[in-house]
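Here's the structure we're looking at; comments come further down.
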């Protein structure tokens, strides 16, 4: 059992990180923490993918002339992760700009308080 | 919105906000329709559990016609209690509520974390081993990328060859995400006719160091972009480095030097034209590939700078898009003076 | 080699927990930066230099910069030097 | 290969490129016309594609680039995809026509161009979701849709719309995280991302009987992620705010089209990747059925309590989405057919209701029931659209909602133990629908002052809006009375998509 865990260490760590990030994004009331949680979640999945692409004893996929293909790691997860990183940074920027707009309006970073204030404001108009 | 009061506790702010709104409604001119609407809202408060939605509104109308005024309307306003005391009470109540919620959050977070970890642990145990040479992921797809990628795409770096040639449609979508995010932040954060920000330059040591550092960073970024199909790197990483260089330049030179050259309009134009060029090149190769027309681009000799067909200009386009987007994010997030 | 990997991975989890539980937002973001840097190191160990470069530039550099700028703007709005976050405690 | 086969790729490219070109324009109003022209072109192209493929009775895969499928990306199109693309284009064009005045009033002129840009990118992403045959392409375009939709929600710039946008973004991120993890696990197991190759690999796993748990968990994760994004019942918390606070165009398109885009991906996953065996043996179908049933009832009950017209419609959307989940959960070919039919009917009906409600809100400047009293007398066209749409969702015969309910009931009658709960849910939710739509209709047609005659003085609205609403009305009546044609088309499309159940 312990050996198996040690062997799958990358996967184990990445799901622990995924759980932490997911829960932070879902339940932490502070918006900045939520965004950090989002990044934790995304990077954990990238770690999972990158670990999956690794082949024991393989090299980075910079192909040399006339070499066997078994020398290299799997390039597919790498490409997926590259795409994913860019998507993650776009979402983060969008999230942060929305956070900033909200702070300018309600002077709080706590989503519960913001929701409360927004509800009040809605009845007022 | 001035918030320079001494006690900036959250509840104080809520309190202030609430009292302000009360004042507003008291000062507002008497508007019969508005008053009627207010009455209706009070009716809603009082009868939340009896009737629903539009139906409730109809009942309310009926009752009013019949003159059945509800005496329970004002049950929640006790005029004998002084305003201040009431407010304090209210805030205590709110605080308690928040505290309770916070406690609930902690328990729920720990619980959900444990559940997710448990389920996924079981899954992970059954997955192929880490670093396994016979993993199912290492199938004919990866084999072809590694084995024939060099001839088919002319790229030495298999990852660049894959994302810009084999799976180019995904990469196109990804550039679109980036562009959409840039436009979104533009839509959310920019106010029109914003004056050029006048910031003071960074301190001397930083300026001196970065004067030597900056050309090197730019050179490195250009290298990573241009040699993306030969060595590790490519449009995304190189673009991010170039964007960082632009940001550093704008920080160090100060006083909007960089902004004057790269106005937001020009940055948007560069992004748009890069994206259009990318789309044009890729639609050419999609079209010719799918219809088997031929007209393939000469691949050149793998390992040289000018090789790999469209890879070099594609990398350049992606690099420009990423660098411009990063710079746009920065200019929009930098604090402005009106605040 | 496995020892180093394990050390880095455990450090990663430690960073993640610390950045979530940390009260000061500025410190949380600095810890997040460290997390990204370690992550890019791990990807370098996994033989993916492309990912490592990108993560170092985007994750540790760009994302953290955006966080800092947002915090700076928020602090400026508040007119105070102290951190937000503690108000709900 | 004829030129027809290039339509899917070039409709996506045309839409995205036309969106990207928008910053080069100066005048925001011209932009609306421009994107409408592009949408019309895509709509005509999709119609042509649909007719051509339907007469040939074939579907095809379109290889993107010089390398064939498992190595490169691929698009897939059949009559069903053509039909979806056509309906989506139609709804886009009509929504933009029908809410043009709202749009110009709600959004500041210097932002109008960028708003249209994001809408166009959203539309491109929807088309890509319809045509895609690759899991990762689906993920990327789901993200495009997520980013653009959030900003589209917040474009009105009231505090409340930004709060709802941030909640929307949060749920979207949760959903995409789960979806991506599901993709990662599935990739680790099979090493493929293409639907057809994935199907073969999954079949092999099922034959050998190993690694069943990861397979089920990945299917579960993807289903959960997509149902969070499509606002299925326990995850619908973000929906009402997002739809109520956005401008009419945004709410009509988000509610009518975007939620369906995710469901189309879910359907493709069910049919083309996991197949009936995984879905049924792992109780995933039952989960979908249960979610659908719960959603139908709870969302309808929640809709009863709403004081704002748009919030009520948003909850009703959530209930209607549940119908689709229910029919997918029946796990049969007929269920799929009912789901597709419901997608089309709901896209057309919901956008009509939103446009009608938007016109009335504009007419009386208020969105509570108390303020909407007699609104239909002021804006008769909007009132008629709202009324017909509401009655259609209640299941009045001769309207579109009835025929979709009929299809779902047929599918339910064909199933075994699911029959009783599905029929019960259908009946109960129809009654609940009637309980909130009929009082609403009575309120909007009521008199402003009781016991008092007043003259009939409707506010004049533009011909474009009238035309759009009229066309949607026509579609609704057509689908209600003569749905055989559409139904046959869907059946043909599903048979070409793959066998299920």
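To keep things simple, chains are lettered A, B, C and D as they appear, and every chain counts its residues starting from 1.
We adopt the following convention: contacts are C-beta pairs under 8 Å (C-beta built on N, C-alpha and C of every residue); 3 or more make two chains touch, one makes a residue touch a chain.
Model, not experiment: these values are computed from the prediction.
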Pair of chains joined by more contacts [C-beta pairs], A-D or B-D: B-D
Chain occupying the most central position, where position means C-alpha average: B
Identity of the chain that, by mean CA position, is farthest from chain A: D
Computed distance of Cα centres, chain D from chain B, in Å: 24
Chain A and chain D: spacing of chain centres that average the CA atoms, whole Å: 28
Distance from the mean Cα position of chain C to that of chain A, given in whole angstrom: 12
Multi-chain contact sites of chain B, meaning residues that touch two or more partners: 1, 3, 10, 41, 98, 102, 120, 127, 135, 137-138, 141-142, 145, 157, 159, 167, 170, 174, 177, 180-181, 184, 188, 232, 234, 236, 329, 333, 339
Sites on chain C at which at least two other chains make contact: 49-50, 54, 58, 62, 66, 70, 73, 77-78, 87-88
Multi-partner residues of chain A (each touching 2 or more other chains): 9-10, 16, 18, 20-22, 24, 26, 28-29, 51-54, 60, 76-78, 82-83, 85-87, 90-91, 93-94, 96, 98-101, 104, 107-108, 110, 113
Which pairs of chains touch, using the document's own definition: A-B, A-C, A-D, B-C, B-D
Complex contact set, residues of chain A against chain B: 4, 7-12, 15-16, 18-20, 22-24, 26-29, 51-56, 60-63, 65, 69-70, 72, 74-79, 82-83, 85-87, 90-91, 93-94, 96-98, 100-101, 104, 107-108, 110, 112-113, 116-117, 120, 123-124
Interfacial residue positions of chain C with respect to chain A in the complex: 2, 5-6, 9-10, 12-13, 16-17, 19-20, 25, 28-29, 32, 35-36, 39, 42-43, 46-51, 54-55, 58-59, 62-63, 66-67, 70-71, 73-74, 77-78, 84-85, 87-88
Chain B residues within the chain D interface of the complex: 36-37, 40-41, 44, 52-55, 57-58, 61, 65, 119-120, 122-123, 126-128, 135-142, 144-145, 152, 165-170, 173-174, 176-177, 179-181, 183-184, 186-188, 192, 268-269, 272, 275-276, 279, 283, 285-292, 296
Chain B residues touching chain A - in the complex, by the definition given at the top: 1, 3, 10, 13-14, 17-18, 21, 24-25, 41, 94, 98, 101-102, 105, 108-109, 112-114, 116-117, 120-121, 124-125, 127, 129-133, 135, 137-138, 141-143, 145-147, 149-150, 156-159, 162-163, 167, 170-171, 174, 177-178, 180-181, 184-185, 188-189, 231-232, 234, 236, 302-303, 322, 325, 329, 332-333, 339
Interfacial residue positions of chain A with respect to chain C in the complex: 6, 9-10, 13, 16-17, 20-21, 24, 28-30, 32-33, 35-37, 39-40, 43, 46-47, 50-51, 53-54, 58-60, 73, 78, 81-82, 85-86, 89, 92-93, 96, 99-100, 103-104, 107-110, 113
